[in-house]
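Next, two complexes with chain A in common: one pairs it with chain B, the other with chain C.
The block that comes next holds the complex of A and B.
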């Protein structure tokens, strides 16, 4: 299996160590104390963290070389499953959020049936078209999903009861922030485990050279399916968290191209061959967008994302974190998106 | 009722062929996927809408302005694409996806997110032809689309330039060996594609609401028909366009207008599932 070092380049120490991230983590942990007065700052960073989890989840599939343009399908199905279960049946969000993840896995199985033979650009195109299926069905199935009116007045994120103490997470922005931060750190740990496990190594081998990987006895299709299902599971959970955080969803929003594009942009900008790069890009770019570009240019501020993706592909193909960590976890094909 | 479905399906399908024509040409010559194709179409539609609404310019005279704008954007896009490395298909897909986001936000800034449509009252009137009811809108759509397709066919089949383009589509290396300027053919393909988009955009604005994110549907339609037909086969493109147009018309009548958008997506997924190696066949992968 191909591990770590590229064969063509001499071994070199990355210019920046992973411990350089610790101050950043410390800042995230104390942010509510620093920004205590401003709910807006906290809300922006809560969203940034949530989008970071989506980018991390997307990257589980991307590490196998399959670029998806259809993660809004998982995100949207997760959001609707959790929203409908809690709204119609009054189930606690502690149960509906994991269920949402499983429903996204079910949709991923359907996607796999259509797309398992496809690679590269054709896989990406098929996923792009696939999103239309759950979107149009949700939009038209008025009886179940309330159609294009969307779901209004969703309950907030789940509360926590410890003995006599009751923490209502949704009551304050601080509670929501720490809930999403906790989920993000948990997912980061999971993704690190996945990348370092045999599954992760197999996926990277498939990305580098699929034929060689299968010659070595790696069951290519089995591992690609596992990557897709894991990626869908966490994207669905993120979608459910989004539904309870924003408390209002409608088909055009959660199945929109926005939530398919966002993880792709963050992952490519941060570095697709790194574990944490996609999350870092989310934590930098989304606040930049909200604090700087949104006030300057209320309509059309998201041009930033389009510009970022074009510039990254042209000038920094391994992404920012990938460039800083060069020599570690870098693809032998660095420079190409495949 | 079914003759109405047939007429509107064929008119719509001919227009879809016109939309796919530029995409297929650009893909065939340069092997790049242009996900911003639909956005360019919507941009051309907006240019026509803006001229028609603010200056009262007749629809017919908005075509040149739309062509100028799409030509400018397409030539910038060509410069972008020419800097990309292999694999071209994947890299161009991601870069043009970025461009699509840029264009969507640019149009949101310039034209706002409101739904807009070019309404020419004359196009809603109709006439009877051997018992068949045709609106002038459908007639214009059908006639203009088929005229442009026929002109492109003549260009490709009966001129020296067309021969060079077809040779480049069939085999880049051999074409270069035969003395054809392959990169020049790439620029030419983008230019012809831009002209086709500039002609299709204002028509799109007459039959479909314009809003900044309306382009995705058009991109899916162009890709679907191209994958159905393969590259360099204009007659198969027409067949693919008609099948898609008829399928959409049937879906609107049987299921309702809101299910229409599912047709092209389902057709694309099914085609890809049946032809997993895509447009160019196995050896290109």
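The block that comes next holds the complex of A and C.
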């Protein structure tokens, strides 16, 4: 990207380059051909990709230093908005999914009003409590949301009509898989742009030293708000995709602690100071959980996440991708670096 | 017109006056040392000027404009920057990124740093002697390197007035001398400097004038040698000798616990 002067400093090369990811990407692209026979494998990876997008979206806020335990609020509102619009009004999910993102932004503005003065653990706890607001409303406003009965029989992910050809994505697991993969790659590009831009520099500066950041002219609250809204937008879109993928949602599910905790687990394990680390962790840990630990320990398979987070915090505080890419996480390069 | 003028500036924390009725003016191009024992109010004064604290009363004028109620990011746009007593690098970011952050938030928003911003940042690293490690992680620098990074980052905002808070604390005599040279070079760039310096190691070398505070009040200002001979200043720093005590009974309430 932007090049500075070349430097003579011996640069500490990370043990792993970005290109190490290319085989992984290639595998994701051809997975439906390889696993063509098994819908289950495809479904697991579709889910893993979806959780990867949630982790990426969560990390947009986390890069500013604000750890949220309330992203289920955006996920759930996104899922319900898209679900209700398509069920009640029959709107195409091409429209309901972006609308879901916007509704999550609206909820994020509300969250901002409650939480913007808080930092650190206080912010995290306030966001955790905040999820109860949309959950209780959704649970009890029977007339609009059908309450705790949930939404059943949702239409699948949107199809694509090209001239005479109609690709019904929802009809095949392969179609759904590629849809989520496409969204994931788009979001990854978006997050890369955010991290590498001046916005990303501002957010990192705020995370590291808020006082110094404001002294250098950064409007701390404005940038924190921008990060929250962008994070909420994509979390809402992910929630909507989830609704159309699973085709059944209920309040306890989409507003559950699961969808608040899982992006945090993936981000911390993968490396929350990296762009792609959170997504990588999702793509590794979720299939591991489903293929290996679920058959072994049907009742307690999620212990994997607990164990992984403890081990990461103890031994790899910057996450596994962060560790592998150590000394390489700068967005402005100085000549020979990267 | 003075560059910076403090008018009856006071700050009260609870029942305690951290600063009381400070009157002072800095002229363009000066280096002024702000001295005084622990708790004299030096850092509080910096925090008031940079908008981190709001004064309890009084006014702050910068180039004839009232900046008393401005917020920190607004103060930056008027042309005031600072370093911190304990240096505060953006620890996980690179040395170069730290300085670029000082450059790029100038009001209008750009999506990416302009190449000239990066060039200027590299030049500033050159100035402070960090040009050889732009890609290093800021949190892994030595104390003296972090202080110099702080300085480069503050200079990146192109300040008219730069407040330095204890830049040489913990430095060896040689490092103090190098810091003094650096401060002179900064002055040559047209920057006015206001330097907090508890032990006077830097300010006696470089300052044109000193402002001495004790218990939140101004006790002296003037040429360094005059201020250092001032009885109040000596009393604030060194306490009162026993045989002097009877002659200056009113010194009792201030003396004793300097340093």
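In this text, the second predicted complex is superposed on the first by the 318 of 338 C-alpha atoms of A that agree within 3 Å, B and C clash if a C-alpha of one lies under 4 Å from a C-alpha of the other, contacts with A are read in each partner's own complex, and residues count from 1 in each chain.
Basically, contacts are C-beta pairs under 8 Å (C-beta built on N, C-alpha and C of every residue); 3 or more make two chains touch, one makes a residue touch a chain.
Just so you know, these numbers come straight off a predicted model, no measurement behind them.
Of the two partner chains, chain B is the only one touched by A:136; chain C is not.
Using the contact criterion defined above for the overlaid structures, shared-chain residue A:125 touches chain B, although it does not reach chain C. In the superposed pair of complexes, A:301 makes contact with chain B only, with no contact to chain C.
When the two complexes are laid over each other on chain A, chain A has residues 337 in contact with both chain B and chain C.
Residue ranges on chain B touching chain A, taken from their complex, read 33, 80, 83-87, 89-91, 93-95, 97-109, 112-113, 213, 216, 220, 223-224, 256, 258-259, 261-262, 264-266, 268-269, 272-273, 276-278, 285.
On the side of chain A, the complex with chain C involves touching residues 1-5, 7-9, 11, 196-199, 201-202, 204-205, 207-209, 211-220, 273, 327, 329-334, 337.
By the touch criterion stated above, chain C contacts chain A in their complex at residues 50, 52, 71-73, 75-77, 81-82, 84, 88-94, 96-97, 100-102, 104-107, 109-113, 115, 118-119, 121-122, 131-137, 153-154, 156-157.
Contact residues of chain A toward chain B in the complex are 67, 69, 114-115, 117-122, 124-126, 128-133, 136, 139-140, 256-257, 261, 264-265, 268, 297, 299-303, 305-310, 313-314, 317, 335-338.
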